[in-house]
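Chain IDs A, B and C follow the sequence of writing; residue 1 opens each chain.
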Amino acid sequence: MFKNFFAGVSALLVAGILGSFANGGAVAADDVKVGILLPLSGPIAPIGQNNRRGHALAIEEVNAAGGIKSMGGAKLIMIDGDTQGKPEVGIQEAEKLAAQGVSAILGAYQSNVTFPTTQIAEKAGVPYIDPVAIADTITEGRNFKYTFKVAPKASWYARDQLNFIKWVGEKSGKPIKKIVLMYEDTLFGQSTSKGQEASAKELGIEVLEKIAYPAQTPDMTPTISKVKQLAPDALVLVSYIADAVLITKTMKELGVDVPIIGTSAGHIDPAYIANLGPLAEDSFTVGEWNPDLKKPGAAQIAERFQAKFGVPMNGHAAETYMATMVLVDALERAGSADRDKLRDALSKTSICGERNILPYDCIKFDPSGQSPQGQLTMLQVQGGKFVSIWPSEIAAAKPIFPVPGWSKR
Amino acid sequence: MRLIAAALFLVFLLLLPAFAYSDIVARVMPRGLSGASLLNVFLLIFLFGYLAQCWNILGGFAGQLSLGHAAFFGIGAYTSTLLFTIFGLSPWIGMILGMSLAGLFGLFVGFVSFHYRLVGPFFTLATIAFAELVRLSALHLKFTGGSMGVLIPLQGDSVWQFQFSGKAPYYYISLFMLVAVTALIWRIARSRLGYYLHAIRQDEDAAEAIGVNTRKYKLIAATLSAALTGAGGTFYAQYTQYIVPDDILTVGLSVEIILRAIIGGSGTVLGPVVGSFLLTPIAEATRVLFSGAGSGAAVVQLFASDATLAKKLSGYFSFLVGGGGGGGALMLYGLILIFTCLVMPSGAVPWFERRARR
Amino acid sequence: MNSVVLSQTVVSGLLLGGVYALVAVGLTLIFGVMKILNFAHGDFLMLGMYFAFLLSIMFGIDPYISAVLALPLFFGLGWIVQSCLIRPVLRAPENIQILLTVGLSLFLQNLALFLFSPDFQSLRVSYGGNTVSIMGVSISYVRFIASMIAVAASLTLYLFLARTDLGKALRACAEEHLGSLAVGINVDRMYNIAFGLGIACVALAGILMTPFFYISPQVGLPFTLTAFVVAVLGGLGSLPGALIGGLIIGLIESLGELFLLAPSMKQMATFSVFLLILLLRPRGLFGGKLT
C-alpha cells in the first residue's frame, strides 16, 4: 500500500516536473539571436517599450537590406527579456537569454538593472551592450571584458547639465545661484546626484538641499511644499516617468514657480508631454539626442521612426538604434555570431562622423568598456514638443528663460 | 518499501547533474533552454523546501503562524554578503554569523511577542510589522546599499569564497541542506521537544496547565527556525550573487515560504518537501513558457479605441492566452491555498496518508 | 519651519487619513462582527479601482458615478465571498482562517496582474488638477472630495450600526454570538451583511482615490497593512476608533515625510507605532465595541 502510494506519487512528481518542460521550439541555425533586456511591463513600461522601438527599427532595416553580409545574409532575431523594471527579474531574464544562446545582450535601460545583469553576462561570456544606462559604476573599477557602454557617464550628464544651467542664467541676465536637487533613490538617482553636486560646487552654484525620494511614491505634497519654501532659482530633478509627472502636477497644485530641469529618463519621455499636456511646457531636460539636431542623418532616421511607430523619436530610441548598429557593425567585422569573436570585434569599434547620429563624433570603447566621447544636449518642451536648445552649435532653437509662472500655462 | 522508493528518488536527484547537460535533455527543453535551467528548477525546489522546513519548526510544529520569515532570510543574506564585500570574510563563516544574527533576531521577536502575550492573528501581525521594519531598514541604511542592494563581485570558482561558475555545486549544496534539515525535523518530531511543541500547538493553555514551559519551548522553536532560515539566505546570496530588499525581504517571499509548508502539510516531516516539489515547478514552468508579460499598454489602447467589441474581445483573448500580464502561477497558488484551507487544512501529506490507510 | 509648509502638511495628512479611515472601517467591521482578520482587504480596494478604471476607459463614466454603481456590486461580492469561502472556516483554527484570506489575497492580486498586466494605470479626469487655496494652503479638489465622502460614509455606517434595528442585530452578533442565536437573529445572514458592507467600504475608498492615485495589481498590499495599523490603533472592532485612527496615521505619515531624514522613512514610523500598540495596548484607543 505505502510503496504503491509512494511510487505513484514519485512517478507523478517526476512526470509533472519533466512534463512541464515538454515544449519544443526551434530557431533557424543561421540567424543571429539578439537578446533585448528591457522593462517592457511594470511601472516604467512606456519607457521600456519606447527603448525597444529603436532596436526594432534598426533590426528591421538591417534585415530588409540583406542581413549581415559577411555572414551570408544572416538575419537578426530579436528575443525579448522583460525585466519588469526590477533587478532580480532582470537577472533571471539575462540568465534565460544567455541560456537560449543569444550572441549578445542589449539592455537594460535602468542603471540598477544593468549593473547586476552585466555581471551575469560577464560570467556567461556574453557580450553586453549598454545603450542608455548611465551609472559610472557600470564600467568603473570592474575590469569586465564583455561590457560595452555606449551611454555617456552619469557624471557627464551632471557636468553638461550644470554647465547649461550656468550658461542660460548668465545669458538671460537672471543668474541661477541656488538650486534644490531632488532624485529618485535607486542607482540612477544616487549616482547622478553625486555628479550634480560635485559639478555645482565647481561652478559656484549653491545646492540648498538634496532630497532623495522613493521612486513611485504616491504623494509628494510635503516635499514639494518644502521646495516652495526654499525658493531656489531652479529645481534639478532625477526621475523616472511616474515621479516626473507627479512632481510637475504637484508643483502646479501648490503654485511653485520654479523652473524644472530634468535629467533625461522620465523628463525626456513622450509620455511626459502626453500625460501633462500644457503643464509640460517650458520644462528643461538633459537629452541624449533630438530629431532636430543639426547632425547629418538625424532627421531622416527620425522620419522613418515616426512613420513606423507613430510617435516621435527621442534620445533613448536614438541610443538603442545606434547601439544595435554597433552590434551589426561588429558582426560584419567578426563574420561570425560566436560570442568571443564578437567581443573582440566590439572592442575595436569605431563608428564616426556621418554614420553616428548621436551628438558627438565617434563611438569607440576604452579598455573599461566605456565610450569615451560623450556629449549631452539640453532640450526644452516648446509648443508641445521637445526642441534642442544647447549646445548652440548644433541646437535648433533658443531656450525660453526665465520660465513663465504656472498661472500663465 | 516506502524507504526504497525514497532512496531511489534520492539517487535520481544525486545523478541528475550528470544528465542535465546531455543531448537528450537539450532536445526536450523548450525554447532552446539548456540543462542549466533544469538544474536551476530543482535547486529552487530544494531551497524553498529547505526554507519551508525551517518555517515548519515554528509555524508547523509550534503552531505560531509567522508571516515575517523573509526577515530572517534577509538578515542571513545581508550579514554574510556585507561581511564578504566589506571585509573579505569567507561566506561560510559569514553564514554561521548570519545564522547567529538571524537566530538572535528570531529570539528577540519571539521574546517580545510572547512576553506581551500575542497569540494567533496578533502574533502574525507582529511578525509582519517586524519584518517590514527590517525591510525598510535595509532600504534606508547606507551600508546595506539601500534599494540598489549588494552585488557580490565575480571571483570565479572558489570553494572558500562559496562561488562556483557552474550550477552543479550549488545544486548539491542545496540538496544537502534540504536533506539535512528534513532529518533534523524528523529527529525533533520524535524528541521531547517535538512532543512539547505538539502539545503547545494543540492547546497552549492546557499544555501550560500540565506544567509545560510553553514560553521556553516556543522561544527555542523561534530561534532555531530563524537561524536555519538565515543559512538559506546566505546560500541564495551566493547563488544569485545579488541581493536587493525588494526581492528577499518582502511579505511576498514570506508567503511563498509558508505556502509550500501549508499545502504540503505543516507540522509533518515531509509536508514542506512535498509542497515544494508540487508548487515550485509550476512557477518555473510558467516563467519559462511565457516569455515575459504581455503589453498592458497595448491592451488599454485597444479598449479605449473605436474598434468593434468583437475585435476588442479577440485581441484581449490572445493577450490572455499568451500569458496575460503574468502572475499565472501565483494565481494558481492562491487557489490551491484556498482549496487546501477549505478541503484539507492539514495539508497534502496527511490527506494522502489518511486515504492510503483506508 | 514655515507655518504654511506645516499647515500644508497637516492638511494633506488629514485628507489622506480620511481615506485610510474608510479602508480601516471596513476591516474593523468585519473583525468586530466575525472575528476574522481579512488579509485580502486591500485587494478589494484594488478591484474597486480597476472597476472604476475600466468603466472610465470603455464608457467614459466618471469615477464618482462608478462609485455609486460599485456599492451594491461590491456588497454582493462580499456577500458571495463570505458565503462560499469564509463561512466554512469560521469554526476552523485561527491560523487556517488567516491562511484562507492570505490565499484569497494572493489569488486576487495575481488575477489582476494576469488580466491587466503590471503597468501602472491612471484615471484621468478633467478636474483632476484643480485646487483651491485657503490661507496659503493649497487643497486639491479630488483629494478633498475623496476625504469628505470617505468620512461621510464612515459616519453613515456608524449611524446605521447605532440607530437601526439591523445595525443593532449586527452589534449583537459582534458582542454575543450565542445570545444572538438564542434570540433568533439569523447570524449567518449578519455575517454576510457585515462582510458585504466591509468590502463595499474598501472598494469605495479605492474608487475615491482613482483621480489622484495610480492603479496597479499590487496597490492593495500597502493599504491592507495600513488598514491593520489603523484598525489596531483605534481598537479592533471599533468604528469610531478606525475613523480617529485613520486621521492619526495620515498625520503621522505626512509629518513623518516632512521631518524625518528621508521621505521614505515615514513608513518606518507607521510600523513602529503599530508594534508599540500591539505590544503595549493591543486593544487600541477605543477598545473592543463597534460603536
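Please note the rule applied: contacts are C-beta pairs under 8 Å (C-beta built on N, C-alpha and C of every residue); 3 or more make two chains touch, one makes a residue touch a chain.
Since the model is a prediction, treat every value here as computed from it, not as a measurement.
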Practice problem: Looking only at C-beta pairs in contact, point me to the busier pair out of B-C and A-C. | Solution: B-C
Exercise. Could you pull out the chain whose C-alpha mean position is farthest off from that of subunit B?
Key: A
Practice problem: Let me have the rounded angstrom distance from the C-alpha centre of subunit A over to the C-alpha centre of subunit B, please. | Solution: 34
Practice problem: Quick one: report the Å distance separating subunit B from subunit C, using the average Cα coordinate of each chain. | Solution: 30
Quiz item: Approximately how many whole Å separate the CA-defined centres of subunit A and subunit C?
Solution: 38
Self-check item: Where subunit B touches two or more other chains at once, by residue number
Solution: 139, 293-297, 325-326
Self-check item: Interface hub residues of subunit C, defined as touching at least two other chains
Solution: 117-119, 262, 264
Quiz item: In subunit A, what residues contact two or more other chains?
Solution: 41-42, 45, 84, 185, 214
Quiz item: Within the complex, which stretch of subunit A touches subunit B?
Solution: 1-3, 5-7, 9-10, 13-14, 16-18, 20-27, 40-42, 45-46, 49, 79-82, 84, 86-88, 91-93, 95-96, 99-101, 112, 115-116, 119, 122-123, 142, 185-187, 190, 214-215
Practice problem: Spell out the part of subunit C that touches subunit A in their complex, as residue ranges. | Solution: 2, 4-5, 8-9, 12, 16, 117-120, 122, 129, 131, 133, 138, 140, 213-214, 216, 254, 257-258, 262-264
Exercise. Within their complex, state which residues of subunit B touch subunit C.
Key: 63, 65, 67, 112-113, 116, 118, 120-122, 124-126, 128-130, 132-133, 136-137, 139-140, 251, 255, 258, 262, 293-297, 299-300, 303-304, 320, 324-331, 333-338, 340-342, 345
Quiz item: Along subunit B, where are the residues that touch subunit A in the complex?
Solution: 1-2, 4-6, 8-9, 12, 28-34, 36-38, 40-42, 139, 146-149, 151, 153-154, 165, 240-242, 244, 246-247, 274, 277-278, 281-282, 284-285, 287-289, 291-297, 325-326, 352, 356
Quiz item: Which bits of subunit C are touching subunit B when the two form their complex?
Solution: 37, 54, 57-58, 85, 88-89, 92-96, 98-100, 102-119, 121, 217, 221, 225, 228, 232, 262, 264-265, 267-268, 271-272, 274-275, 278-280, 282
